[in-house]
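Note that the chains are named A, B, C, D and E in the order they appear, and that numbering of residues resets to 1 at the start of each chain.
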Amino acid sequence: MNRRVRLLMVLAGGAGLAALLVAACLDMPGFGGDRHPYGDRAVHESLARRTANTIASVNFDQRAFDTLGEMTILFGAVLGTVVLLRQTRDERRAAPRPEDVAPPVRRYALAVLPVAVLTGLYVIAHGQLSPGGGFQGGVVAATALHLLYLGADYRALERIRPVGLYEVGDALAASAYLVLGLAGVLAGTAFLANTLLPYGTFNTLTSGGTVPLLNAAIGMEVACAVVVLLARFLDQAVEIEEESGT
Amino acid sequence: MDDPAVVVALLLVAAAATTAVAVRDPVRQALVLAVLGLALAVLFTVLQAPDVALSQLAVGSALTPLLLLLSVRKVRRRQKQETKGEPE
Amino acid sequence: MKHLLPLVVAVPLLGAALLVAGGRRLPRVVAETVGCAVAAGTAALALLLLANSSPPMVEWVGGWTPENGRSVGIVLVGDGPGLGLAALASLLTVAALAYSWHYFDEPPRRHTGSFPALVLLFQAGMCGFAVAGDLFNAFVFFELMSVVAYALTGHRVEEAKAVQGALTFGVVTSLGAYAMLMGIALLYARTGELAMAHIGRGLDRHGGPDALVLAAFVLVLTGLLVKAAAVPFHFWLPDAHAVAPTPVCMLLSGVMVELGAYGVWRVHDSVFSGPGGVPEADLERVLVVLGSLTAVIGAVMCWYQRHVKRLLAYSTVAHTGLFLVGIGILTPQADDGIALYVLGHAGVKAALFACTGILLDRYGTVDEHALYGRARELRGVAVLFLVGALALGGLPPFGTALGKAVTEEAVGGPLTVLYVAVSAITAGAVLRVAARVFLGLGPQPGETPSPAYETTGAGEEPETRHRLGRVPGTMTAVPALLLAGALAVGVTPGFAAGVSRAVNEAGSGGAVTPAHWTPPGVLLGLVSTALAAGLATLAVTRPALLAEPGWAAPLRRLQSGHIGDYVAWTLLGTVLLGVLALPGVLGA
Amino acid sequence: MSVLPYLVAVWIFLVGAHGLATSRNLIHAVGCLAVCQSGTYVLLLAVGYREGATAPVYADLEPGSRPVVDPVVQALALTDVVVGATVTALLLALVMQIAKRHGTVDPDELSELRG
Amino acid sequence: MNGWTTAATLTFAGGVGATVWGVATGPLRRRVVAQNLSSALACPGLLLLAQGYGRPAYVDLALVLALLGPVGTLVFARLLAEELAADPPASPWATWCAAGFAAVVVLVLCAATGPGRAMVKLLVTGALLTGGNLVASRALAGGFPGGRRG
């Protein structure tokens, strides 16, 4: 099909779908409406289990099974990337040459790196209290490590990043989430039931029963997964070259 | 719907999204996507969803651009190699 | 017992995580054994739950049982169809892992466990989707199954076709998934609930259907029909299934596509079947029209393929069309028939892919013309392939034939002709391949007149370490067992009645009419098999007579391999869905 | 006026789909898919908004003192953001392999699979 | 709607709106600067919102943005070093304006909150933001003289 026909098809399809969706929008309850039955129940249950951040309660307690699926998507995508970006037979590695970095940039990168990692850990640890949690903090911490590549040198990054270890960490964190879920079954309640631990005092780091534990498992999983993911991409972009003649 | 902050954030997001599609060069698109991520984070904040805004910031401001640019670099490097490798 | 329901997801996930954790040190044999064992354990668990699924189980994950009919948790539904599909997916996973035993050329260095781990994740995704009773949870497992499937499809990264097919698959399915999520958001806006049954009740309370319900229906169905590869959402399927590694093809064609059709059934049954949902006449129109189109286009394209895996992929498209028609008729009897048909088809199609994989690994090609007469030496594989082809055409007493017969009786009239014709054409194409490749019948097909616009099966790399000299025992045992399973579906006494009862309990209820063999059904099965044999004979002996006519060329051109085209078709498809479902909504 | 957020979400989704269909570069196409997905976040959060309310995060808020927005859609959107990022990464990995095996990332020039 | 949120809205409409325009048009050197400015301007906006909504917890957002915004710009500076070396961006005026704006916002907010943990957090955010953006714009203007390598 040539480009013109395709464009016409897209415009026709888009126009039809737009008409349908706009009609649907006009039937929606008005923006900012007051009716949120599920949301109100979720807030109620979250407070009953002394979890200050309701979103964390939904994610790690009420709908923890969704989060299990989501974590697995991340796990599967990273495993898939590792498989897809493997070094094939017709490729070789070339050592990257060191990079010149202007001194202020280098100093900034090295100074901010620990701050960013700490912020990531802080965001993970306070997940059940204030905005944030395992996902956000994990991504921040993992991104922070790559300041070494951005501000210093690829080889400096490679020294502090044994990818194999992070892969194992990724898998172990995922297993930890599952094991915490299975503990509920073994205790005779239900999968991922938050009934094993005391709910603690409202608005403290240990409140919410298993919520902080699941949150921590997710934080570790996400951080490790992002590191492995970026490692594969960096490998491809920086190190792996095709053999000449292919 | 009388909150101008929501309206402004919505229009920013719409404009950034349209631009991200209209800009055809992947490098420039990555720049626009970074700004789109930021605009989305602002929108989520005014919609009172700080958790989502935080994850959008974490993912959109550095991670996604990094992935996109690394892909571009790989693709370009390979094309360069190819033109070099061909007998002239 | 019902607390064990989430374990059909958790067990394979745990297995996958442990395989990855130990992946660096595990020898290959151990990794593959663990993979098989975990998959088999999950299958056993699913079967155990299935045996106890009458009355259907309802499990609220995390112990969030509803108070006053309301809950904040996620509900899983363990009824016959859901657990049956979970069991089917698990059994096919075991088969795929057994088939790939020592099979792939070098596993990625230091990642021995990665292929079995990915397959286990895929299994978890399929099981999770099958038992989901919550719409968003279904979306999550839909995404899991898709994401892992992209990676598995592109597993052979050195093949240009494999990576392209995987990307096409990824882009189109992701777009469909996002459409589905938009639909879920619309439903949440209206009802404020996420559990399917609660959404359905919420819609009913609101009154008759309006534009919002229609849009939500169209968007959710778009996601599911992309997965089910209904026309015009089907283009990704031949591109992906033809290039995926053979064991993955077995899973994709055998059960993943069918899960899309199952999703349509489940979502309609629990969300849109009430007075506030989509009127039955509309759903029937949507599914029968799209299903018939899918069946016809799939069958025609199947006939004109020479790339054997692609041919089988199109036959999956055609059969999914038949499944959609059967679901669309909305009678309990048709549902029973489709359940049996899906079970039989899974075994047969997986066996056919397994046999094709042997050809690929032994001869380095899956091109029908290039393989002409070369596989005479593979007597055992030839028998399996022939039996599979006949079973695909509905030869009694295979499960496919029983399912087809029961459905045909339910649909009646011209749709019966569709069922007979489509199964005859697809089986005829497979028989034609069998006759040429394994028996070397007819004149050798020439190379010249083939139109340029097609994918031949030449130039494929075998998936094994070397070209196989001797076919390993596992690779022939697996298709044999799969065919035996398909046969068992048809002949095991009481099995069909049990399926009817389970489907009935999960669906609308009412009196059970146990599915069973009837004389007209047997006759129709024999007719379609005979037609298939006739077509194949004609095609092999007089190739010119059935050569591609001019009108098929545009159909071929639609399958352009271009992602942009496929996205455009997806958009048009949503509009088509909307138009087909519009009358009832306007009338309400 | 009270439908503006929904309309913006629809616009983003459609404009992303348009870009995906007409893209000349697969990396750009993956970017467009990400745009498409942002439409779903906007729709979800718009559905959960409540006029004059604040986030149900009680670290610095007395429970019950102020109306709060719907936390469920936020959890859903959070899941969605993570899914989006991982899908983007996986598709980009495939694009890199396409560049290697086909020597191009222009969808018009990929011609291995047709018919 | 109060004074703080009005100020934030104006920041978003004027500042971030302008950067959307800047990143959409013009040569690459202008676009990268616009990207850097977008995070430099959005971050004070988020701080103002936190104050306006009376939610100190929202300051975490600004903190993360102050950390990751410059990192994002470093990504572009590093991976586009070659293109940028050929046509280096120079925008001292806009960068210093943004940094000054951020500093003013942080100081005003500090005055409004008074001493305490919240103020420390604000100051840290402000320092990271201004420092980060100045370094990022330095990086864009030739921070990677090697240019074309790994």
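The rule is short, and it goes like this: a contact is a pair of C-beta atoms (placed from the backbone, for glycine too) under 8 Å apart; a residue touches a chain by one contact, two chains touch by 3 or more.
According to UniProt, the chain labels map to these proteins: A = Sodium:proton antiporter; C = NADH dehydrogenase; D = Dehydrogenase; E = Multisubunit sodium/proton antiporter MrpF subunit.
Quantities reported herein were computed from a predicted structural model and do not represent experimental measurements.
The chains in contact with chain A and with chain C alike are D. Chain centres here are means of the Cα atoms, and by that rule the chain farthest away from chain E is C.
The most centrally placed chain, judged by C-alpha centroids, is D.
When the interfaces A-E and B-D are ranked by how many C-beta pairs touch across them, B-D comes first.
Using the mean of the Cα atoms as each chain's centre, the chain most removed from chain B is C. Centre-to-centre spacing of chain A and chain B amounts to 17 Å, using the average Cα coordinate of each chain.
Separation between the centroids of chain D and chain E, computed from CA atoms only, is 24 Å. Between the Cα centres of chain C and chain D there is a gap of 28 Å.
Mean C-alpha positions place chain B and chain C at a centre distance of 36 Å. Of all residues in chain A, those touching 2 or more other chains are 6, 9-10, 14, 17, 21, 26, 28, 30-32, 36, 38-39, 42, 53, 55, 58, 63, 66, 70, 73, 77, 80-81, 84-85, 123, 130-132, 135-136, 140, 143, 146, 229, 233, 236, 242, listed in ascending order. Residues of chain D in contact with at least two other chains: 2, 4-5, 13, 17-18, 21-23, 30, 39, 46-49, 51, 54-55, 57, 59-60, 68-69, 72-74, 76, 78-79, 81-83, 86-87, 89-90, 92, 94-97, 100, 108. Residue positions 136, 140, 143, 147, 150-151, 154, 157-158, 163, 182, 186, 188-189, 194, 557, 560, 562, 564-565, 567-568, 571 of chain C are each in touch with at least two other chains.
Contacts between chains, counted with the stated touch criterion, involve the pairs A-B, A-C, A-D, A-E, B-D, B-E, C-D, D-E.
Of all residues in chain B, only 2-5, 8-9, 12, 15-16, 19, 22-23, 27-28, 30-32, 34-35, 38-39, 41-42, 45-46, 48, 50, 53-54, 57-58, 61-62, 65-66, 69-70, 72-73 touch chain E in the complex they form. Those residues of chain C that touch chain A in the shared complex are 3-7, 9-10, 13-14, 16-18, 20-21, 23-24, 59-64, 70-74, 108-111, 114-115, 117-118, 121, 124-125, 128, 136-137, 140-141, 143-144, 147-148, 150-152, 154-155, 157-158, 163, 182, 186, 188-190, 192-194, 210-212, 214-216, 218, 557-558, 560, 562, 564-565, 567-575, 578-579. Taken in their complex, chain B has these residues touching chain A: 1, 50-51, 53-55, 57-59, 62-63, 66-67, 70-71, 73-74, 77-78, 81, 85. Contact residues of chain A toward chain C in the complex are 1, 6, 9-10, 12-14, 16-17, 20-21, 23-24, 26-29, 35-39, 41-42, 45, 58, 61-66, 68-70, 72-73, 75-77, 79-90, 164, 167-168, 170-172, 174-175, 178-179, 181-182, 184-185, 188-195.
Chain contact summary for the complex, chain D toward chain E: residues 54-55, 57, 59-61.
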